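In what follows, subunit A forms one complex with subunit B and a second complex with subunit C.
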Partner chain A sequence: MFAGFMINTWIVASIVAIVAGVVGFFVVLRGSSFAAHAIPNASFAGAAGANLVGASSIGGLLVFAVAGALGIALLSKRGRRDVATALAIVLMLALGALFLSFSTEYAAETYSLLFGEVLGVSSSELAPTVVLALLAVAAVATFWRLLLLTSVMPELAEARGVHIYRVELVFLLIVALVTSLSVPVVGALLMFSLMIGPPAAARSFTTNPFVAVVLAVSLALTTVWIAIAVSYMTTWPIGFFVGVLGAAFFLTGRAFAAWRGNRAHPRAARHSQVVAA
Partner chain B sequence: MGGFWSHVVEPGFFQSQTVQVALLVGGVVAAISAVVGVLTVLRGQSFAGHALGDISATGGSGAFLLSINPLFGFLGMGLAAAGCMEAIGVRRVRGRDVATGIVLGAALGVAALFLYFDTTFHSTSGAAITVLFGSLFVVSSSTVPAIIACASGALVVVLVLYRPLLLSSVGDDVAAARGVPVRVIGGLFILTMAVTVALSAITIGAILSTALLIGPAATALRMTRRPVTATATAVAIGVAATWVGCLLAYDSFYWPPVNHGWPVSFCIVALVFVFYLAVDLVRSFRLRRTNLPADKSNGAVVRAHPLDTLSTGIEAASASGSE
Partner chain C sequence: MADLTESTSADSRTPILELDGIGVWLSGREILHDVKFEVRPGELVGLIGSNGAGKTTIFRVILGLLTPSSGRVLIVGGPRPRRNRSVGYVPQKIALDPDMPLRSRDLVALGLDGHKLGVSLPSRRRREMVDEMLHAVDAMPFANARVGSLSGGEQQRVMIAHALISRPKLLLLDEPLANLDLRSEQEVVELLAEIAKEHGVAVLISAHDLNPVLPVVDRVVYVAHGHVASGTTDEVVTTDVLSQLYGHNVDVIRLHGRILVVAGPSPRADPALMEQLGRLSNPVDDTVAV
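Coming up: the complex of A and B.
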């Protein structure tokens, strides 16, 4: 499990978990689960396209993830956000289906792109992953206050002259960055599970944003480590464990919140559930 | 003229039984998706609609594994997931997003496992692509009666519950005040949506089923704000996109880059999307000419909240100020 060829996987997966925990906190806070689901799916089309023209797959992932983020932002400027996201994801997936139909020998690779691949990390992917991860974390740190303010009190932010639309755009681009570094390991379909499950669970345990981020990162790391270990032993797909563990953490968090709420203030219990939600 | 038509409609299009089944099933599914889609968009449940499509893929891959009719896999899993989402709390707008995401994540994880077993034990490595992306041209004619029966069932539920559904999409409080059993109505609607999306997932593939649900409905709601007119328009758009998409896919055997057809799902989705963009552009052009502020919500009348109109007013004021 810790043999030489697995070292890259452990390193990259840990980086992915840290970044997913940090960014995922804002995904949950802003109610952007759909966008976090859509952008990795969009990047999947990029990988299929890159494979078709013989380009590097991480480049294809990045280009299409950014295109997906911009597409969602542009469309939601002119219509409802969830509708815009749905249309963007559908168009990108259709492009992916088109690219796939043009190439002949891609079924196995498609599967690993969609659902993740433990052994899929080569040393050449290590450097770009680290760079993208640092960029994403630096961006979150830079916009920390703005992101928090626009997530929790959009009206106040607007009153203070913050351009909510620009902050949303920056945020979607950060999600695109995270996506393109994570998809090769966790898979396009399960990437968002890592961005939602641990942070949503973390929010049930604490209301302090900083503590919540730290907790989300620890839970995401735990999820990924367990997933890799068990996936290595059983050869079952890593995405299965990521998806199921994410849901398990979330349910634990909700159960904890409900229990604490009931113990502390029977009357406040309903209120705390609303806040946690 | 005859020569032109034989280029548009390649010889044998209407004679092929595959095409006949595809046109029939595609039309039925597009119509019911559009009807349910208008309500989905108005109620702001696009994510749930998309998630149910993905989740029913889990059932589809499970059915592959057990070698039962995929229709039952899609339907069963979709209904189960709809029940889960309803239980975790998709009703509250704030919690809805995360609840949907969690159920979707868990289901996709299970889908990964099923597809892995499919490839390992049945050596059908194409299962993932078939289940996820699907094709109208591989629908077997034996499932047609079941698909039509399910679609009719969904249609009947929507028609019976039409008024309370519309009322509760304005706001649960308003509907509850008028004596509508909001929870029951919401639960029935999400189950109906699950059936619709499962049907759509069978025909154009699980992850593309969102296109038929949301695309025509969103387009129609940009053109008119009256729910009934919007529904009729959405049905027309959906059915047209599906049929023209079939035709294009059929013709595409003679297109570059390779002499095997373009995926029919791609053709349908591309048409739906292009139509949405065209309607959107025309609308914003006309709004600009009449100098009205562009409002940001599809079907705003039904949803308009005092604060929304206020903020639109402020935007308009600031826009005219900056000019």
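Coming up: the complex of A and C.
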């Protein structure tokens, strides 16, 4: 599992986990889970198209993920965001289906694009992954306060002169970046589970936004490391383990929050003791 | 409680907020008609009217989110720039996710620099400013609590601290008393009066019920059907003025220091009143929501 050909997988998967944790914090905070599902789906068509014409698949992923993000942003400016997002998914999946139908390597390619491929990471993909990851993290750091303010109180941000539409556009482009570097590893269908599960779980354990991001990254790293190891041993798809672990962390977080919630009312507890006495 | 404003101008009579003949038309309907009033430093003014009367539209005009069809808004004697640090705003019903990992102090700090690029590094000065503001609104006991899990009154305090930390000269609050229990309602009203009186901030608050703010307001701006009447409570909240404003026979009843505004008998039943109303500019409307 730590053989030479696996080293790239470990490195790339760790980078993916760090970025998914950071960006996922805002995906959950902004209620953008649907967009985080749609953009990887859009990128899937891009990878299929790139394979067809013999271009780099990460390039195809990037172009279609960005197109999907812009499409969602433009359509939702005039209408409901969920409908715009759904239409973007449908359009991109339709293109993906078309491109795949032209391809000769139908089954294997589709499978790895949709569900991820542990052994699929080559050293040529390492450099673009690192660049995209640094870009995504730098963008989140640059827009940290604006993302926080527009997520928590959009109407107030607008009243303070913030262009909330531009911030949303920037955010969707960041999601597109993360998608492009993550899809080759965890797959288009399960990519967003890494952006949702760990950050959603982290929310239950802390009230501090910085700590929540650090915790989301830690949980995402734990998720992919366990997923790679178990996937290597069982030969089951890595996406399966990423999805299951994400859900497991989330449920643990909710259980912890419920337990803490019961403990958080000592006044009520004391009161009931007095009544009992 | 520290001084909340930057040095106030020498002439304290200069209005901080001045609306002059504001008219708003939206999709062929007149929403506001010749709205005219002002708020001076240290004054607490109540913008009173039922839902749909035009209160939120007036706020949107003041905030620069809506360009009026006519008239002008002056803030500290000048036009309103896009990012005006002299206006603090607390929007109506802020729905905060209860699980959100954000403490009261984080939300207050966003009032300081939430509109800027970059990450705010923790510093002693920043922390002191946030603590001072949390103290000012009496929110220290829940400074580190998850802001979404606080009660309505507690959240309102945190929101006021968020709006005040940039030291605005004008504070706008849209329905700050909605959904508060009676005790929190009174506490928030007293806090706002203190902010206005002791620190010279001009405060404009909207409310659908006049009575909770009655003990503290200097003047009221009564809104009905997009028209306003402004002045002291005694000048504005009278049977004559409100009947004219509503275009309907309205009775104002004073009872133990409280004011009840109720719809009177239909003017159609009273030929003399019908004739009087016929001379008014407002159309007669049978439904008077108070």
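Observations
Heads up, the rule we're going with is that the second predicted complex is superposed on the first by the 265 of 277 C-alpha atoms of A that agree within 3 Å, B and C clash if a C-alpha of one lies under 4 Å from a C-alpha of the other, contacts with A are read in each partner's own complex, and residues count from 1 in each chain.
The working rule: a residue touches a chain if its C-beta (ideal position, glycine included) is under 8 Å from a C-beta of that chain, and two chains touch if they have at least 3 such contacts.
Computed from a predicted model, the values in this text were never measured in an experiment.
Using the contact criterion defined above for the overlaid structures, shared-chain residue A:97 touches subunit B, although it does not reach subunit C. Once the two complexes are overlaid on the shared chain, A:206 sits against subunit C while remaining clear of subunit B.
The partner of subunit A that touches more of its residues, comparing subunit B with subunit C, is B.
Using the contact criterion defined above for the overlaid structures, shared-chain residue A:78 touches subunit B, although it does not reach subunit C.
By the touch criterion defined above, A:229 reaches neither subunit B nor subunit C. By the touch criterion stated above, A:244 is placed in contact with subunit B alone, subunit C being left untouched. Judged by the touch definition given at the top, the superposed model places A:164 against neither subunit B nor subunit C.
Counting contacts as defined above, no subunit A residue meets subunit B in one complex and subunit C in the other. Within the complex formed with subunit A, the residues of subunit B that make contact are 41, 44-47, 49-51, 54, 89, 92, 94-95, 97-113, 115-116, 119, 125-126, 128-129, 132-133, 205, 207-208, 210-211, 213-215, 218, 222, 257-258, 260-263, 265-266, 269-270, 272-273, 276, 280, 284, 294, 296-298.
Remark: subunit C residues 63-65, 82-84, 89-91, 94, 96-97, 99-103, 106-107, 110, 113-120, 144-146 touch subunit A in the complex. Across the complex, subunit C is touched by residues 29, 141-146, 148-149, 152-153, 155-162, 202-204, 206-209, 211-212, 257 of subunit A.
Interface residues of subunit A, counted against subunit B in their complex, comprise 28, 31-34, 36-37, 41, 77-80, 82-83, 85-87, 89-91, 93-95, 97-98, 100-102, 107-108, 110-111, 114-116, 187, 189-190, 192-193, 196-197, 200, 236-237, 239-244, 246-247, 250, 274, 276-277.
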